[in-house]
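Take a look at the structures below.
Heads up, the next two complexes both have chain A, just with different partners, chain B and then chain C.
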Partner chain A sequence: MKVSVTILLMLLGSFAVSAADFSVVVKDENGAVVENAVVSLEPKFTLNKPMNAGQEVLEMGQRGAMFTPFVLPVHVGTKVSFPNYDEFRHQVYSFSKAKRFELRLYGQDESKSVIFENPGVVALGCNIHDNMLAYIYVSEFPIVAKTGEDGVAPLSELEEGSYVVHIWHPDMSSGSKMTLPAITVGDQNDPLNATVKLRSIRSIQKAPAEGGDY
Partner chain B sequence: MLFSRLRTKLTFVYLALFFAVMGIILFSFYRSVTDNVRDQTREQLSASTRVFERIVNYRVSTLGESAGALAQDYGFRQALGTFDQPTVMSALNNQARRLEADLAVVTDIDGELIAALMDGATISNMPRIDDALKQKAELQGVATEIVAFEGRIFELVVTTVRAPVPIAWLAFGIELDQAAALEIKALSPIDLEIGFLIEGGQGFGVAAATSDAEALSVFLKKVHMGAANFHSRFMDQDHMFRRLPLGTSEVGTEISALLYYSMDTALAPYEPLVITMITVLGISILLLVAGSVLVSSSVTKPLTDLASAAKNIAEGQYREVETSSEGDEVADLTSSFNQMVKAVHERESKIRFQAYHDAETGLRNRLMFERTVQTDIDESDSFVLVIAEVQQLPELRTVLNHQNINDLIKCVAERIEKVADTGVARISTEAFGFLVHDASEAETLASLVVNSFMTPFDIADIVIDAGIKLGLVKFPGDGEDVATLLRHGQAALDIGRTAARGFAWYDPDKDSSQKARLSMMSELRAGLKNGEVRFAYQPKLDLSTGKITAAEALIRWISPTRGFVAPDEFIPMAERTGDIRHVTDWGLEAAIKQAADWQKQGINLAVAINLSTNDLMNQNLPAFILALLREHNLPAKFLKLEVTESAVMHDMTRALDVLNMLSAMGLSLSIDDYGTGYSSLSYIKKLPVSEIKIDKSFVLNLAKSDEDNILVRSTIELGHNLGLSVTAEGVEDEASVERLRDYGCDVLQGYHIARPLPPAELEAFLKESEYGTL
Partner chain C sequence: MARFEGKASQAVLAFCMGGLIGQAANAAEFPAVDLELYSDLRLTTVAGEPTWFKDWLGKLRYGGDWQGGRQTKLRLSELSLIAKSDITWDLHAFVHAKFDPEQDKPADLVEAYLRYRPVPTSRWQYQLKAGLFFPHISREHTSVAWTSPYTITPSAINSWIGEEIRTLGLEAKATLKLDQQKLSFTGGAFGFNDPAGTLLAFRGWALGDYKVGAFSRLPLPPISSIGPDSDFLRFQPLWVNPVREVDNKVGYYGAVDWSHKVGFKAGAFFYDNRGDPEVIKHSQYGWDTKFWNFYTEVEAPMGIDLMAQYLTGNTKMGFFKYGGDFRAVDVDYASGFVMASRKFGKHRLSVRRDWFDTDDNSFVVEDNNNEVGTAWTVAFNAHLGNKDSIIAEMLHVNSTRPFRETVWYDAQQSQTLWQLSYRRRF
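Up next, the complex of A and B:
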């Protein structure tokens, strides 16, 4: 896969601050901002504040016959709950290698949880609603963020030092992720611009057909 | 021959035109039919192509729906997602059988084969499914493609298996086999054939066909398929082909369907029409041949008539041509031809008339007469040819004008015709010719003709006496051809002129002397030059002085072959032949020279010379004489000219002109042989003459004849009364001399004085005789 990466890195001044803010802007080849891109940072040094795996529970809800959020970045070992906000039942499954599971039919306000022990991409579907699609990105690295509608993935309170930046998006070739050269995060950082090449066919979670009989 | 050729030509041209027209029609017909059929076939092949595409699409969409259903089956997806190979294979097999798919394939998302079935059996390979097709399948759910696999052609339907992201590719294939081809054929409006082809290294190979796949395979190896539409011979029939590309094989070669249709089959409905046209053509040819023969006959028949008529005209038969045609070109031609025949006939008659008739009088001419004679020679046993000559015509010309003469000629001809009861032709100015068929009557008839001229003619109120003289020749006997008969007739006429009864038969003896005389003329001309002809001079005694004052020059010709030729023998002939001119020229010169000689010798002797009728007609004579006189320096009074009465009377007007000129020149003129003619003295009075010479016939017997005495005496007296000198010729005795002296005659000439003498002898005579010169 041919990937072109433009990195603009500028260090301004020398603040002896232990934590700094950083952000990565992800755009596609057409220059359009890319939402739902997962940016994970691989520190090239030992973090002062180690990652607290299993401490928090993240949510992948089902609402209006759609997963929400579409992309959920988690750390290895994170527990994700699958609350059903719909009146009808869902049967969430994954055949992905990172985590193969199936949540048997469950109803409203039933919440089932799954712990994602292995890093990788887990594609989620509903055995009842073919339109439903969501991704859980299980990162092996301690710092992970997702781009918003503005294509910016905010990364706050980073320890200064050198990091390797990994970017993943559902529409990048399946199972692959982009790794950028190591950067050094100081006390003042300009956003890192990353350009990703996406497939023309985008993986999107379609809204359920109207008047559908679920 | 010519006309039969023309008929053939016309028939041939008609046939050629007919064949050309029919050829064009048939060709156009054939072209339009075949073009039409071809267009129809092409259209039907196009229609069939659309049917084909629709059928393929239908099969594919049906298959696609089924494939989509399987792809969404949770159990299947779970089996795939959990790598449950046996379940996957089982589900695939089950679905394939249900769909009647010949091929079923499932691969993982990266295209690695998971399971494949063909004709219900597991296989370890699979047709290629390219990325474009996969992408299309991902976008649309289902994508189809025609693929070649294992030498067979499949309609391949590909779909994505999602769980929920794409995890695998599922493909089903239905083979385009003979059954498929037959199904399409059954739905086609025409009875076409279909073949499914895969392009290989050596052209197209046949995957399946409605029929004759083997033959098609062999055919395709030979034919070059460039265009989508083409036609060629296949299975011994002309076929229209349409190739429909269906897809591309794994190695980039073409997969196509070949739709074809037999043109022979397409043309079959037109067969009865073609047979009808050929029948019509055949009947038309027969009708045309018959018609053109009829038409050309109607043209050539009048032409043949005209040709034979033209041949008749060439032979002198002027017959008009009748034609059955009316109002057409043939009738026009015939009419023109007949007008031409008429005009030619009229013209020929006119020319013939002019050729055979005398322009002045309209009488038949010599040519016509010769033809008539020739006809009689050819057809008659015997006849008598008569040539009649009008006498006194020269004299009559002096008093009658041209028209009167012509009228006279016509009257003469009429009279002879009336008397002789036969056609008369004018064969020369004065002569006529006619034939008498009964030889025994010839003389009687000749006498009757001569006698009939006793009655005078009345021309323009002038009473004219004209005599006629005839010459007769017998056929056969006097000549065997026209020219001889005419010549002998002329000879007979020569005799007849002087014959008492006015006509004469041809006499071969006289004719031969005539011939001899003719040759004499050429001898005469030679004799004039070489001295054979000389003058003898007969002295004339002037009684008043008793001296010889003049001598008459008398011509003498002593021919080495003929001896002495009398002047009577050759002078009249020379006058007739015109040779007299040479005689006159010679004589004048000789006489004047002689007189001049004598003058030089002191002999004063005038020379008298006789002039002929011709000389008197010659207007140049006075100038000629004057030139000679000057040349020899001779005074005019020493030359005397003697003319006869008849010479003057021949053409008095012209003769007078010449005589007056001569007289004016100082020459003295004499009338010779006076008394023999018809002229009276009063007539002579008009002439510028100074002397008359009494003819010797009156003088010779003067001593014995009282009548002659009276005549001579009165003539002398009358002559003196008119102031003329009178000479007596033929004085041969003393008694006559005495009488003439008594009568007062002025000059004597005769043997009693002296015979004609050569100059030398005359000179001697003058010296010796009692007379002497002045």
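Up next, the complex of A and C:
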């Protein structure tokens, strides 16, 4: 009995900081939902509780000679691990301005990690498998999320207040991102619809060649 | 001009092997040499002309008996050993050795090279390759042991690449990777490919998945213009050893390749072995062989992959005869194919149309090397697992070679080869 009372109090406590759920729906100019769009929120006030403060380790795996996920949004200062789930080697690299690095992952279940200190887009490749391609989007803002197959980026437990919404996608023209006018998040929020302009030919990570040598 | 010495090929091979042995000692840091076996068990049935491997003029790897009767056989068509090793993260060694029943050595070397590819630090990626290898002409051979995932038998163009084109040399490649497209420039300098062109002239085009080993000889048909009894080219024996240095002159090739994310690839390749047609060494002439190869690949709607290649060139051999302007052999050659292929799950169905042509510019009365022909190939590649597959193929070839009339046969011949190939990697 005591336990459930404690849980109830904890729940009430969490409501007390007035956390709100919010989502952004991203579509392209033809009205089709867009997957892998990164939504970052820039609060126009001081957050009571800093989010994504860097304790969390996110993951960019390699499986079947493909990076997974294709797009990984992170906050500046986040540590990302690169576990190799394949039985063969990967030589992961980036020459993007935001982070230049090379990781040598010999074999299965070996993992190395990288801290992303600078905001920007980090394009990943593998020097052994030409088909491999992925993006890490390093946001300078504390709240980041990614759209799923339904085009929805869920943003839960936001503090009420005013935010500027920034959107990035790998198929926006190089170096550009979209900034929407500031919105106010209250205790009840309708999803925000955003339309992005994407290149007609989408970036994809191709599967490795049939019967390939590596 | 740099000169190749006789033993250079052995030296390079020893260097590659040395890399592998050095690697094994270092196994604690890097995984050991990665060895793989590839086997091809083949059931074939075909009637008509005997194969060119029986010293004849047939167009296929397998043919009918001497009376043109049907031959049905089960055989091991290929057993290959592939060794790969990472000497460092940037330097890799690759060796491919092979056994097959047509080869005149029990085992022979197909490729042996070192590849240096540092991690790119900009949009440009660089690569160096040194050793014995296929220059990147074939668009079909993307599978293990220089095989094709599309068909058992490659196109006429890439059959010839497998038979006669192999370069021992150095290649540099620079690739510019942009967001939507990729552009590569390749240049190579090589030796040990001076007899290339011999088969195209005396035998003509063929369709087969045989690839020559570096030390192997291939048979030529006993046509009256060559061989010790001939009064036209008696120093040309009834065989060719394509991977040989004859004239100590360096050949070269260059290529441009472009691909766009929309699903389009195109490229051009130029080869010139700079052979000296008047030099004879190791019983082999230097053949002055040059050609262009062009290709395009399109990802068409409904999951259909389209691929086309066109190769055109000339080869010259021998002295200017009878005080004229033509060498003993002066042959223009051209071939093209278009292939449509579609995946069905992990399986693949491919249909290909081939055209081929050789045009003899000299001494047609004494030595007629003219030929025209076409072929249809239909193949289904059934994926059984990650390590094995079965390909069923129907190949129909039709060709006209007037020289056949002087020996035995009608100038025009056609035949259909049915094959079932079980491929397994160990």
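Just so it is clear, the second predicted complex is superposed on the first by the 195 of 214 C-alpha atoms of A that agree within 3 Å, B and C clash if a C-alpha of one lies under 4 Å from a C-alpha of the other, contacts with A are read in each partner's own complex, and residues count from 1 in each chain.
The working rule: a residue touches a chain if its C-beta (ideal position, glycine included) is under 8 Å from a C-beta of that chain, and two chains touch if they have at least 3 such contacts.
Just so it is clear, the model here is predicted, and its values are computed rather than measured.
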> Taking chain A as the common reference for superposition, should the pair chain B and chain C be classed as clashing or as fitting?
Replying inline: clash
> Is the number of chain A residues in contact higher for chain B or for chain C?
Replying inline: C
>> If we overlay the two complexes on their shared chain A, which of chain B and chain C does A:203 touch? Say first, second, both or neither.
In response: both
> Now for A:124: first (chain B), second (chain C), both, or neither, which partner does it touch?
Replying inline: first
> Thinking of the overlay built on chain A, is A:95 touched by chain B (first), by chain C (second), by both, or by neither?
Replying inline: both
> Touching A:49, do we find chain B (first), chain C (second), both, or neither?
Replying inline: neither
>> Once chain A of both complexes is superposed, is A:106 in touch with chain B (first), chain C (second), both, or neither?
In response: second
> Looking at the overlay, does A:132 come into contact with chain B only (first), chain C only (second), both, or neither?
Replying inline: first
> Looking at 62-70, 530-538 or 674-682, which bit of chain B clashes with chain C?
Replying inline: 62-70
> So which bits of chain A does chain B touch that chain C touches too?
Replying inline: 93, 95, 100, 125, 127, 174, 201, 203
>> If we count contacts the way the header does, which residues on chain A are in touch with chain B in the complex?
In response: 93, 95, 100, 123-127, 130, 132-133, 170, 174, 200-201, 203
> Where on chain B does chain A make contact in their complex?
Replying inline: 72, 74, 77-78, 80-82, 109, 135, 138-139, 162-167
> Tell me, which parts of chain C touch chain A in their complex?
Replying inline: 30-31, 84, 86, 89-90, 117-123, 142-144, 147, 149, 179-180, 260-262, 348
> What residues on chain A touch chain C, complex-wise?
Replying inline: 89, 91, 93, 95, 100, 102, 104, 106-107, 125, 127, 174, 199, 201, 203, 209-213
